[in-house]
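Okay, so chain A shows up in both of these, paired with chain B first and chain C after.
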Partner chain A sequence: MTQNAEHVLDHLELFKGQEYQQMLANKRALFECPHDPAEVERIREWSKTPEYREKNFAREALTVNPAKACQPLGAVFVSAGFEGTLPFVHGSQGCVAYYRSHLSRHFKEPSSCVSSSMTEDAAVFGGLNNMIDGLANSYNMYKPKMIAVSTTCMAEVIGDDLNAFIKTAKEKGSVPAEFDVPFAHTPAFVGSHVNGYDHALKGILEHFWDGKAGSAPKLERKQNGKINVIGGFDGYTVGNLREIKRILELMEIEYTILGDNSDVFDTPTDGEFRMYGGGTSLHDAANAVHAKATISMQQYCTEKTLPFVEDHGHKILAFNYPLGVGATDDFLMALSRITGKPIPKALEQERGRLVDAIADSSSHIHGKKFAIYGDPDLCYGLAAFLLELGAEPTHVLSTNGGKAWEEKMRTLFASSPFGQNCHVYPGKDLWHMRSLLFTEPVDFLIGNTYGKYLERDTGTPLIRIGFPIFDRHHHHRYPVWGYQGGINVLVKILDKIFDEIDKHTNIAGKTDYSFDIVR
Partner chain B sequence: MRPRILALSPVVAASGAGADYRLRLDREAIGPCKGTLMSSLSTKIQDALSEPGCARNVNKSEAERRKGCTKQLQPGGAAGGCAFDGAKIALQPVTDVAHLVHGPIACEGNSWDNRSSVSSGPDLWRRSFTTDMDEMNIVFGGEKRLYKAIREVVEKYDPPAIFVYQTCVPAMIGDDINAVCKAAARRFGKPVIPVNSPGFVGSKNLGSKLAGEALFEHVIGTQEPDITTPYDINLVGEFNLSGELWQVKPLLDQLGIRILSCISGDARYRDIACSHRAKAAMVVCSKALINVARKMKERYGIPFFEGSFYGIQDSSDSLRNIARMLIARGAPTELMTRTEAVISREEAKAWAAIDGFKPRFAGKKALLVTGGVKSWSVVAALQEAGLEIVGTSVKKSTREDKERIKELMGQDAHMIEEMSARQMYEMLKDAKADIMLSGGKSQFVALKAAMPWLDINQERSYAYLGYAGMVKLMEEIDKALYNPIWDQLRRPAPWESVSHSACEGRMRDRPAVHAAPRLQAAE
Partner chain C sequence: MTQATSQSAAEIKARNKQLIQEVLKVYPEKTAKRRAKHLNVHEAGKSDCGVKSNLKSIPGVMTIRGCAYAGSKGVVWGPIKDMVHLSHGPVGCGQYSWGSRRNYYVGTTGIDTFVTMQFTSDFQEKDIVFGGDKKLVKIIDEIHELFPLNHGLTIQSECPIGLIGDDIEAVSRSKSKEYNGKTIVPVRCEGFRGVSQSLGHHIANDAVRDWIFDKIAPDKAPSFESTPYDVAIIGDYNIGGDAWSSRILLEEMGLRVIAQWSGDGSLAELEATPKAKLNILHCYRSMNYISRHMEEKFGIPWCEYNFFGPSKIAESLRKIATYFDDKIKEGAERVIAKYQPLMDAVIAKYRPRLEGKTVMLFVGGLRPRHVIGAYEDLGMEVVGTGYEFGHNDDYQRTAQRYVKDGTLIYDDVTGYEFERFVEKIQPDLVGSGIKEKYVFQKMGVPFRQMHSWDYSGPYHGYDGFAIFARDMDMAINSPVWKMTKAPWTNSPQPTLMAAE
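Now for the complex of A and B:
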């Protein structure tokens, strides 16, 4: 036996054992009707050619390796950012299990979220009963302060009316009449998780500001000096929102973070389980209506929310995942302009440190080519930062990026001499990216965990920035926004560059003439 | 030997100043202990300091020369490396020997693999060997420990030779590494070379010279090459940093010129041991090992010239000089024809490549802060590429170097003598330059003064030697000039410019703010 009880091997080693190798080889030979290996190799090589790329880009119906998730994921993400809030997804429970595992695997935290567990009969007769029972059970079992409802496709296809359902449920006594149950329709067959974030956030604000679905008077806005900040769907929410709060506090600006899940996805281990750790208080969420302005850190995560906020008299401002010197400058100056508060010396020094760090290492990044994929705002922010570093974001691909984003990316490329040979690919998937990497190779790839297949296939080293990151731990704790965040991203990129240099010079006695201690 | 510890300790305790050790040791050297290691060392030091092969030295008055070519270090002032460091730098590139540092951990701990010289084969030179002396060794002496360490190196690695480096502490307590090396060499039947250059005897440059002495005394001429040819040369003072030597070697290969020995870049022990059979030698871009070249000329009749592969004209001149010297010593005269052919081919290629940078360099100003030959040897290429050189440092340059600079840059050439970091900062702030080319030491000062910067000294990652190297240098300058971060570096935070007039008082001490209007003026 390869495996034995005295010394148990895990799968990394076990299956390399001769018995298993033999078994796998036999299985392949005897049962799998294998193709001629030469033929397999020929096709593999063919799939790297421009000819294949053309066919690949002509795909109309099939999506291969999409770099996006569905609306309810975003809805669950933002809902969790409110005090004591239980995200409740009306629809089938399997979907919800996915969101929970997705968030848990990325943040290494429990993710509290329930579904109305619709089954076949609910699909036929409508999900009202599931809503009634579901709200009652959730309320009683998990004692939330608010239940934020969103939907899966199943409920959307049969057209369940959340407003009416929730009202009925309340009438039936599932939850008290005054209990907060905001809602948003979030079908997966429209848009992506960034839209789900948008819809759910808008649903929550609408609920508090516009009379709680007709059950209370609308709030009357009395403008104060505060500002609201919306983070958007962000794998770095823990580090980023804390960094934003630190900056706002340094500037002595009064603020409300809408959907503050920085503590929710980073609860301490101290013997207590926090089902609802942190989050924007419901009181603050309601009073956010009085703020002077609302700033979105991610334009494409708030396309519906911002106009809604503007209609309530706020100044609105949207950024595209501000990353690096210039973008952070713009962000801080906007804060300063809106609030009249000066940018403190401390931040100016942080700025100088980031500039200093970039200058110290500039020659290593200068002229390097990158491929980036991810959510539209993240792609924009990263591309802008790379241009600032003198690198070329040669391929920028976003499965959930649309026409407007495409235009915006083009404008960005046009603004820099380093953007001249860069291209944007909206609505494309990672199989398209594979062709791009083979036919127009770049030095590095930036993307989420799924990029590791591309890294393996194409040999393009992957820098993990995005969501989800399943196979590396804890990076979400470090900000990528602000000047400090800029340094973090710079270091991530540099680490990979130096790792690659080492990797290519580390054969003892052969290439180690350049295996240097000082880089 | 041992009582000397007692004699020395109170001095150390009382003064704590490096200069006192030296006085004390010098006194001892001429005192009753004559014939010990210190006396032979101080003779060697005198010898090295009055190097007749050194152009700079020859130009000095008798009195100046007696003071030696190393400036007395100023206690309390920032200073460069020590004599140990100089010796280690000079010999470390010998790839197949074990470099064993006798001393407490600091000396080897800090110098381990700290220069990017490159080996085409053995990697033993990169292994860090030290006796890592502790308190007990210092009380009872470290000689036995050193001997054992040598034995262990022999047993475990069996290198063709072991270089043993003396450092301050064992030198002070009187460990006689010459004697230990001699005993070990006899016992183990292989060369064990004492490199007697403890840090306190002086500067890095002196240390390099002492290392050269060690080679001359113990290594050179101890073995015979299998064959010799009329085309055998030595390169002295070339360390193959970032593989620079290999940018030139293919040209020599094409000409059929054999580098019998390179001292000490990518060297093997045997090459150096056989180097006395070369027909000619080139001292490359370095004053450090000129004593080796001079002594080889005296003892073995190998003529040498000082040359450089830094810059296009220099590369060509050096190739011609090599050919000329080999012909003078019996190589066929057609070598020169072939050399000229290679030169014109390589020059044409390089100039064509450099020509491409002209539009991008037009109107750009560069400041060179480096030393010695480099102060002028790259100037021509930079000028050809269209850069204006607004200043060059002459810290380590000779009178000839300075003449060359004037020739190239005109009588008004801005020559910068040695300066402190603060002075450099002041100068950079006011310099109307777009880029500074310098060694790593100035990097961080340059950046703080918002000056784009490119490393052209040893710790860089790119090789700039020879024709190809010059083109590479242009590429790197181009990258540095056009890196977008410099704009950020020279601009104040954008919110500053908005409130420019409001806070002028505060801005007076902000260099970045000064930089912005100056640049506009320059344009």
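Now for the complex of A and C:
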């Protein structure tokens, strides 16, 4: 017997014991009808070959291990970033259980969201009654200041009309006529979570700025000097938005973060559960129409929102997950240009510290090859930073990246001598990445938690940057934007590089001549 | 046993009844009327818990439930390791359920084993408009080419499939024929069907019946020689290795486990199960259907068991043994005796730290009752429990065999109700899921996830009980709970305050 009370063994150790190993071997041999181990080995080796890669890349219909989620996840994420807002997803209830779990597993935080719980009868007759009852229940139970509605694919397939449904629900008294219920159609079979973010945010702004679905006069824009900032769908929203606010405050710029979920996904444990912790106030969301300019930190999360904002007279500006020296320079200079405020010495010093850190360490990164996958903006930002570090972002893959993104990545590669042998893979998945890593190996892989399967299969060390990160804790609390964020990312990369060097030089009496104490 | 310390059973009953009336006040009248039927205070001696169950969730209340797809792909089919399970429809469902359930298995993932992979048809608008059957045909070909060692395929329908009128059965039949009778199982588990995961379990069970059992050639040679002691483990998903720490006990008592449903299971095991002498059923809720079918069609008896905590394990081992001869009965006694010292040591170590602590549970379809004995073995007391997707027969079993007089019962609890109940009852521990975990921890209440074992486990069997005890102690007696209030704040502590 392996188990003992003094030192309790769980799954990490328990099954390594002889009794369990024997039991599992017997199970396999007698009952599982397994393939011949030699055949398994043959196929495993074949799956590493260029021949397999060719077949793999010839796939037209099957997706394996994609790096994207569906629209409503992004809608729930951004809606939660407004004061007292309850995200409400119209359609099947299981979807909402999934979004909540997904966000909670990443942020290690509660995620409040309701569903209209449509079932078979609603599929036949439409979900109007679910909307009427659902809004009334949510409003009474959870006392939100706003309910932001989006849709699952079920409601989209049967063609439920949110605008009409919400109107009817209000007429039936589900919520008061003046209560804010912005909405967005977010079909899961179009785009990905980044588009859901975009549509939901646009829906909310449209609601406040353009007359609350015909129930109020449109706001008349009286331009003030303020700047709106949109973070986009971001696993680092907690650290990043706080960093952006710190920078804006250092520059003495008046601002509104639209969809500020930095406090929502980081509430204290002090005896009280805050269902609505923080968020952009509804007052600020409405008054954001008067801003001088609106800046998106992630172009591909705001493809619909930014033109809408521009139509309201704002200057608009989109970044691609600005990370590192040059991208932060551009961001700060743009802020300065738009507002006329100078970039303060404090930020210049921070810049110098990031450059200092790069100078100290770049010899360990220079020339290293990286594979990156994730959302299109994140991939762009990371690739740009790696080029600054003299590294090569050899494979850059985004399941939800499209043609325009592909072009943009090519332009970025062309801008640097380190980008000459780099390739971009829009619309591909992690099974494609597996083939890339086998046939054109790189030194490191950057991606989300699911990259650990690639690390296991191909031996490429994984640096966890992206969404979701389920198996490491608290990294979302640290910014990756701004100069400070650049240092955080640099350190993440360096830590992995040094760990790998140590791992490969620690055999006593054999390789440990390079097991250096100073690196 | 601990109620007497502060409140009498009558007082607790009165408080719980009042609590139910209080939470109902928040609802609009129609909703309050519906929810009232799902909340009750258990009366000792009653044959069920006095609540309605397996009814539609009410829109907008923040139900904890999932859907039929989750019940089929996520629970029943997903763990079958040598088959490819295609999430058929848009990308999300497969993405959110990818790898998070911790169904352990042994195999070379991506080559002969596929559990922790996300195969999806990633439906686009054109697939919705023109139908997805052609895409499905191509997908099956591509899987065949790139994953040649797969033993079969299941098609797990997401919501749109049933709405756009795709004929996945026809595609399955024709592709199976094309590939020499390859097992291809279409599953109609669209998320809008039924009221929870539960119908998905049933649909998945029926799919095994129709597309596996009914397609086994009658002249197919058995791959092993039968023995009188062959049993199948049904309804154990091997979360954190649960089925393994169960299997080892069954084998030690002299039985031979010929199949695991479905944790670390394989197609061959599913196909071999009709040869079992006894089906032993852990998760009754999700697999009673196929057990009943095998009883009717193949004459295999089935017996429920409970491998949480030494009391229930011993009871279960003896119960299982009654289906066999003295050799097995002696084997059961031998196993119980073998592990007695370990159990004594575990209880000696942890019971003093946990004695008298109270627990509130809200889990799926089995654990709201099954784990109660394990808590009681540690001197703890379950003061509230409820099922996400239990049926009346679950509440009957709960009432007749598990809960005590005065226990608060909440079926398909809403977020609001659960917070209020915990706020008022102030248990020492809440056991529920990931969506609930951080809510209660913010309130300062120790919490364990009782679906995923909070990334620990196994909890089944004797080996598992040691881990269960350690984990409950770790949760309740963590020093963190003493730090939730800053020492300089003098205002009376608003303990366990739920959200507005």
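Here, the second predicted complex is superposed on the first by the 511 of 519 C-alpha atoms of A that agree within 3 Å, B and C clash if a C-alpha of one lies under 4 Å from a C-alpha of the other, contacts with A are read in each partner's own complex, and residues count from 1 in each chain.
Everything that follows uses one rule, which is that a residue touches a chain if its C-beta (ideal position, glycine included) is under 8 Å from a C-beta of that chain, and two chains touch if they have at least 3 such contacts.
What you see is a predicted model, and the numbers here were worked out from it, not measured in a lab.
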item: Superposition on chain A - do chain B and chain C clash or fit; value: fit
item: Touched partner set for A:503, first chain B, second chain C, both or neither; value: neither
item: Inter-chain angle, chain B to chain C through the CA centre of chain A, in degrees rounded to a multiple of 10; value: 110
item: Contacts of A:333 with chain B and chain C, given as first, second, both or neither; value: first
item: Chain B versus chain C as contact partner of A:472, first or second or both or neither; value: neither
item: Contacts of A:416 with chain B and chain C, given as first, second, both or neither; value: first
item: Touched chain A residues, chain B compared with chain C; value: C
item: Contacts of A:72 with chain B and chain C, given as first, second, both or neither; value: second
item: Touching partner for A:387 - first (chain B), second (chain C), both, neither; value: first
item: Which of chain B and chain C A:355 touches, first, second, both or neither; value: first
item: Nearest-approach distance, in Å, of chain C Cα atoms to those of chain B in the combined model; value: 35
item: Parts of chain A lying in touch with chain C, wherever the complex brings them together; value: 1-6, 8-11, 14-15, 19-20, 23-24, 27-28, 30-35, 39-40, 43-44, 47, 52, 55-56, 59-66, 68-70, 72-73, 88, 91-95, 97-102, 104-105, 108-120, 122-123, 130-131, 133-138, 140-143, 152-154, 157-158, 187-190, 192, 267-276, 431, 434, 450, 453, 457, 470
item: Residues of chain A touching chain B in the complex; value: 325-326, 329, 332-333, 336, 342-343, 348, 351-352, 355-356, 358-360, 362-363, 366-367, 387-390, 416-418, 508-509, 512-514, 516-519
item: Touching residues (chain side chain B, partner chain A) in the complex; value: 112-114, 116, 118-123, 242-243, 443-444, 447-448, 454, 459, 461, 476, 479-480, 482-486, 488-489, 493-496, 498, 512
